[in-house]
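One structure, as structure tokens, below. Some questions next.
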């Protein structure tokens, strides 16, 4: 069953999923099913697969298709599924996008390559993206300078939105990004550009309460406790800003630890395995392994988080 | 009066100070005095001036000397004062180092330039640093890849410590840095290299409790609430790890906000001005200014922090 | 018919070929055949396909296999054919390498990803490459810091050669690279590491005569006039160093022009089309197009080069 | 005596000079005088000091002033003298610019810091430069992405020229830069922006003949044989394009060798010392030293160059 089509009204939490492997390193489709169920039970409103934290570049083309097919089948059309299709070349991007849209994906997500630098190079790149994908494929613009090295101003993002009607979402994860987020929303309010969905991923949601206050529609990021983002978004939508912060603060020490560059994926998979979501914490190379000291840190942080959540009620 | 000489036994909190300006942009020496007093009252065990967050590159050579002289005079030999002397060339580094040591500084701190990349280039660079400074000037090695782009492995740091007896301290602010910190301490325990002081600055102390558990001697970083780092270090030294985490967690939401790249300095100066430590939050260009929304964010975070500290007792 | 296996005795000119397209952007297999014939007629001793200048990232996996199959069939086992297999992940690298080796390729070439920085990261990466390829696949190490951002010292290259017996060739294109080349050859002469084939690509062979004098075995690079590299290598092998320089100097003004970053591929394809080697100068996006002024520059340089070659005899 | 004021009519060759040191590493003022005389005898129309190849970052502030004073005194007002004032901060830039303008310099040159990336950051930076320098100081915009990492489009350069009336010159050394040069000249011809002087430094003048044909007014770069650039510019101005290319081609093999990153400065100082212009080839650290093989390369290239010039007549 096809997932709902991605559009500019998307809101809530689009969780960036991991890709589960067995201890031997093969795709683990049973864990994939369990992970999809877990996310939906926690209240996510969408799923994003084949992102960087989904180890997309470590999969073969066939594995990528198999994994997407499994996620789509298990999600069963209940939430949109967005697929990362960033590629070194347009032929590969078209091939992957055509393939996942044919499988029933809701839309795709594209980050710019490190080679584009100037405003003109960036906007020209995304026009080629639109032409490559065709007018029927809705796509999310990923603004993630820490990973890509590409810095887009609010003005450039507005130009991209104007030039490309099929771009319906901004995955915003610049840091500092609060001012940029305010500027993009202000441009829409002044009628300069249509309003798109803005989901935030700033450092794994490390600024989520503030981003919601600036006009973000939710989060698109990964965290072993997606219920945090779901809870923060719901409290915020209900107007209970202090409750949103309370929840956020309770998870922040662990979220901060899971957001460490490099080792973060190992932390996330360790936690998901511990929660019973995936069978193995295996990540494909090159990924650092957790030391005993890392595991001790995590255990302390989880215990403290659990106590804090009890206190909060 | 000369400050105590920097040595490998340094511990506690060496606060990286801002450089106070008047609203008109001139050095504010009265605020400098107040800031020194404030730091000492909060329990810092050392001061570090002319770092990146001290706007060192925005001062003329004469202003830099004036500021250092004022800090040294006000500190009155009560704590060591370390001066950042990273320079594009060795002639400038020698000139600045000689000048501040003559004024009575305790030691200097050096980060590598972005142009060194390989292990050999890095170790060769720091040998030139030692030769430039001479054997009598104790120095701290600043490992700060986010700012410099230079990645040093634990092995490279061990080589630098071996090659350069006058290097007595590591300012550790790599991220992820916990494994590196453990490796450097293990090398000393195995007798492979002498033990030096390791003070951490990882994202403004955002991993301080974990770093202390890995063998760090304290923190060298900036934050508008230095009492957080002082309290965490003291609780940890007293063996009360949970208390250290409790304190840390109470300040974490604001610390995270103050650590935003780019706008962080404006946040810090705003808070220091609000606390009455400095007269003006003025920062020299190019520094982004706080918006009304930023100020509202800060006010909420401070109010929540205050309440949380009351709860903690 | 399988191409000869790549080994450490490779010498002469391994030309990095372009990938010919039709004006409509499809693979042009007839031009591919003509290009292979042309290269062999000019005296190249090997072919390298799917390099950066071969627009490898712009091909789909299926196109890449089709193109390699065609080149191998046309070369008919007369010269070794090396295939670039650098990939963002090891699963993709293995898939591509297995596939082209099964088609009869002689070996593969791998450049490091931009994410590895320290000496240890670099050597660890290439150990994973060897494990990924398996002991039966000979491979060439591509040292190309301008394209990859990865700087490898002579010492690191020696470590890689020691750790990985299946690495039989260094494609050397660091700049300045003469001192590094001398250091690697000296390490072999001292018996510290086995001697491998070193083929140079420094800026499209812009230092070929000097590199041959330092112990390089030849060139691996692209240029619309491969007869230049062939002639320089032959003159050098015959001991006629001045003749090697004479030939080189005659082509240098045009080679310099063809080596401009970005527009260079357009220049090369324009020249190859003009020489009748390929039917169309079409390059896949994003590639800048030649202006009328560029074409006028090229015409002048070709006319001058022709006159100079006549003078040389 | 003050040097003539820099203006938009500057043309010919503004040589980027080295900074001569004694074998002991001190400023060598006698060699400085000889170097100025040599440049003027060769026909340069301007001098540029304290550039990157002038080892500016390796001088103390006092040494920089001493050197500029000596150059100005020896030049005696016969040609404009431009001083590089790029600094990590505006206070330092103002101090250096005020100081050299007071000594009688003709104008200053500024490159952007590596930290500016987007079009808006770049144009904002140069507005701060203009404000820092004041309206009375004419300045040259240095567009040198290989050294700075900052990529400016033709459109951004046009914005900078429009915003800053005191910017009178573009030092153009992007590569590929021919299309950008054409675009900037076309913008002036269409009346979109006033015409400024454009002097080229692309890889040490490695594209000088083509740049002159695109509308450049001359060269601003360094080379141990400034007579090459002078001769090329004069032949071009006289309409003898082929003669310009003949001269250029004769020097190209050596120019290419002198333009190697890193070791290039050692080559240049070696050649200037050999020509008797400076007493010592000493360069301050960190600069690689020439090996015997390097020196042999240089000797061969000089001998071949000499023969070729005799043939040319």
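When the chains are written out, they are named A, B, C and D in that same order, and each has its own residue count from 1.
Methods note: a contact is a pair of C-beta atoms (placed from the backbone, for glycine too) under 8 Å apart; a residue touches a chain by one contact, two chains touch by 3 or more.
Every value quoted in this text rests on a predicted model; they were computed, and no experiment measured them.
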| item | value |
| --- | --- |
| Reference subunit B; chain at largest CA-centroid distance | C |
| Cα superposition angle of subunit A on its copy subunit D, in degrees to the nearest 5 | 180 |
| Separation of subunit A from subunit D, taking each centre as the mean of its C-alpha atoms, in whole Å | 48 |
| Approximate Å spacing (C-alpha centroids) for the pair subunit B, subunit D | 38 |
| Averaged-CA centre spacing for the pair subunit B and subunit A, given as whole angstrom | 34 |
| Residues of subunit B defined as touching subunit C within the complex | 117-121, 151-153, 155-156 |
| Footprint of subunit B on subunit A - complex, ascending | 175-176, 178-179, 182, 206-207, 210, 213-214, 241-242, 245, 248-249, 252-253, 256-257, 260-264, 288, 291, 293-294, 297, 300, 304 |
| In the complex, subunit B residues that touch subunit D | 55, 57-61, 63, 87-92, 95, 114, 124-125, 128, 284-286 |
